[in-house]
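Both complexes below contain chain A, partnered by chain B and then by chain C.
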Partner chain A sequence: MTGMEKNRWPPGDLVIWIFIMAELLVFGVFFTAYAFTRAHNVELFDTYQLTLDRNAALINTLALITSSYFVVRAVADIRADDSRGCFRWLLAALGMGLLFLVVKGLEYKHHFSLGIDLSTNTFYMFYLSLTFFHFLHVVLGMVILLAVALKARKGGYSAAEHTGVETGASYWHMVDLVWMILFPLVYVMR
Partner chain B sequence: MTTKKMFLRPCTWVYLFLLSLTFVTWFIGVNNLSGRAFAFTVLGFALIKGQLIGDYFMGLKQVAGPWRWVIFVWLLLIGSLITAAFWKTL
Partner chain C sequence: MKYKSQKVAKLYFIAAIGLFVGQILFGLIIGAQYIWGDFLFPEIPFNVARMVHTNLLIVWLLFGFMGAAYYLVPEEAETDLVMPWLANLMFWIFLTAGAATILGYLLVPYAQLAELTKNELLPTMGREFLEQPTITKIGIVIVALSFLANIGLTILKGRKTVINLVLLMGMTGLAVFFLFAFYNPVNVVLDKYYWWWVVHLWVEGVWELILGSILAFILIKTTGVDREVIEKWLYVIIAMVLITGIIGTGHHYYWIGTPAFWQWWGSIFSAMEPIPFFMMTVFAFNMVNKRRRNHPNKAAVLWALGTAVMAFLGAGVWGFLHTLSPVNYYTHGTQITAAHGHMAFYGAYVMIVLAMISYAMPMLRGREAANSTKSQVLEMWGFWLMTISIVFITLFLTGAGILQVYLQRFADNPMPFMVVQEKIQLFYALREIAGFIFLSGLLIYIVSFFVGSKEPEATIEGEVVPT
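Right after this comes the complex of A and B.
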């Protein structure tokens, strides 16, 4: 894309965009349910929100934004017919995704060690289910990126045909986008 | 400027801007700053970040027609609903 001409369709396979819309709808319902449930339990939500680790959330936000940027670099490389560069940037993005999973896993470990689970209270029910639902999307996104990276390493994409790279990239950016709302909503807004 | 640079340059600026907004959001959170001003500032930052990711990282800025607005409409909807839910409680 040069910025000169506009395309009729978004980058990647159109099916992934239907999937992305469905995912955004589900996350949107989750976010709205969280916000309106909080409106009826303000004290509870504000009290237990303070138990969350904002530093861990910062690291995870930076990891996801950085991984998304690395995926942008991978797309730029394959559009320039550089498969090796594409592969390397995708590996770097996967590294950031792995960092996210480790940090989130440590957060869960901390909560579980304190005996916190879905039934502890309404706040933790939302916090654990929302963040774990997103966690699973990070895992799925990483599986997709890994498959794309391995194909890129074998020279399976080119400047002329790289729909797979753009498809994987679009999904990964959606995972990043959802976290951009989840982070302030669950960890910060009070 | 090459096509690659023309694509990457705005994305790099967006990346740095996203990092900046994230640090401000974290600062508000880690200092337990509360109330409408802070809550809606971080929500506004989140919506801006989402739109930038859609426009530049997902490439929707280069798309014409209804697909251009998918992310914008989603952000507008959830931003409005979250604002409505938080408004009376802050």
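Right after this comes the complex of A and C.
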């Protein structure tokens, strides 16, 4: 992990951090709304929580954590001036992102086949909304990582200038972080 | 002025200011009708005056946006407009159609106007803000398409800057969403649902892109801060606008018969709509503080900063006040909405158009960069009078709204609408006074174009740029 010492703060572009904070605020409000609504409907939430596939969500949790690790390795590589390594780690992270999308897609397929939608009940409204907004963030995060990866492959970053890699990595970690709260909150906590 | 074709902007700006005066006069009429219900009845009934007030606002802002684009696009693209003649032609078509429509509102009963204009062939009339006869709506589409072709081709031909692309995106969205004005289903829920695609997705969506790009342009020009820095801000601001604003449409879907999840989606996302406005405020002040040079056009900088602050207050804070569905349950359709509407439109869209006019007009009228100090001082008087009076109009309407909500909907023994209207008369009277001060500010603003034109331009000699 050479190159990790000379950390600049904040990593990446300052503007992405403003964006990240705004995103976290939106999710934060959504989580708070979930918590308060659940407190008034504990039985309903507990009943329908059991219909969710916790194993699938666990796989997705591992997929995102692993992808975040890969992204860290990508940043480490570019700090050591290794563009090829950076590109490969980003590709691996993208693979994990894709795994997440596939697993989540299968979960949705299952729910939709049962005719569940936003109007079924309050729990499903929250479940579908929260996971779908997060799903869109995974897609956006992957677009960003892909753009960074393609630039890295062309040698667009170096040990001296790799703000773009850090910017993409920061955003991806945010996507991961939101899931780390969403998973226990919606799937596990009773 | 670097390109000859930028000159067409001048016509648009003059028309915008002229119609602005008309809008304010009709505002004063309806303000008076709130106090004396039969004022000017039956010549100008309330519903007609209100229609003229709101329609004129939209039309003059569109003139302002188009003028701004015709000035800004060539300069950004570093090439002349491809079809300046078309811009001139469309100006006259739009002005004639607009004037004819307003006269139609005033001279014949609305139902007769619908008959005269053959509304039955493609019925689109009779909906708030979209009252225009179908033929006018078709005219608007033609004007919008010609306008888009003109600036689009100019941008394609020349340098493609972020500002130009964001502006083009906003203007294209404006045209596209207007098409929903032609969709007029029998089902009232569907009608309202898509009606908001014009109304909300304009002012809380694509218009904000137009606002952001014009503001960014003025800031680049007046501060000399690197384009790169300004563009990055613009990216984040428009991303936040779209993320919060599009789903934020849901805050209009609480009580119209749409599914209940909109209460959550609408509340949460629209509660975030102040964020991009707050970013704009931080952005504008940051750029001015980091300026590389002083600009002799102090008035333009004042308008730019003013719009950033007032848009945040009017659209952001006053919007947030009644956006959450449990709050809106009580405040829906009260004077709280009117308070928000006044400050938001003034802060976000009136001020950005006036900022652009302030920046561009001196050059369009042959100055190097700015008007004389005398003219600018008067313009800034206009700025403060209009801005302070809109703050008071907003505060009075907010007071009226709070009282109205309480007496009519919240108190143990709720009172009927008209009884409550009597009780909040005082606020309406105060609002009308503030309205007259607004008019005086507007008149002073207009006078500023005609004073000091023989005096030398304001300069920045002897001023120090803070480092």
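Criterion: the second predicted complex is superposed on the first by the 182 of 190 C-alpha atoms of A that agree within 3 Å, B and C clash if a C-alpha of one lies under 4 Å from a C-alpha of the other, contacts with A are read in each partner's own complex, and residues count from 1 in each chain.
By definition in this document, contacts are C-beta pairs under 8 Å (C-beta built on N, C-alpha and C of every residue); 3 or more make two chains touch, one makes a residue touch a chain.
This structure is a prediction, so every number in the text was calculated from the model and none was measured.
Which of chain B and chain C touches more residues of chain A: that partner is B. Legend: residue contacts after superposition of the two complexes on their common chain; A:Ile18 is shown touching chain C, with no touch to chain B. After overlaying the two complexes on the shared chain, residue contacts for A:Arg8 are found with chain B alone; chain C is out of touch. Once the two complexes are laid over each other on the shared chain, residue contacts for A:Met189 go to chain B alone; chain C is not touched.
In the superposition on chain A, contact of A:Ile65 is made with chain B only, not with chain C.
Shared-chain residue A:Val26: touches chain C; no touch with chain B. In the overlay built on the shared chain, the residue A:Arg38 is in contact with chain B alone; chain C does not reach it.
With both structures placed on the common chain, the touch criterion links A:Leu118 to chain C but leaves chain B unconnected. Counting contacts as defined above, no chain A residue meets chain B in one complex and chain C in the other. Remark: chain A residues 1-3, 5-11, 17, 20-21, 24, 28, 31-32, 35-36, 38-39, 42, 46, 50, 54-55, 57-58, 61-62, 65-66, 68-69, 71-73, 76-77, 79-80, 166, 169-170, 173-174, 176-177, 180-181, 183-185, 187-190 touch chain B in the complex.
Listing the residues of chain C that touch chain A in their complex gives 232-233, 235-236, 239-240, 243-244, 259-261, 264-265, 267-269, 271-272, 275, 279.
Those residues of chain A that touch chain C in the shared complex are 13, 15, 18-19, 22, 25-26, 29-30, 33, 118-119, 125-126, 129. Listing the residues of chain B that touch chain A in their complex gives 2-4, 6-8, 11-12, 15, 18-19, 22-23, 25-26, 28-30, 32, 34, 39, 42-43, 45-47, 49-50, 53-54, 56-60, 62-65, 67, 70-71, 74, 77-78, 81-82, 85-86, 88-89.
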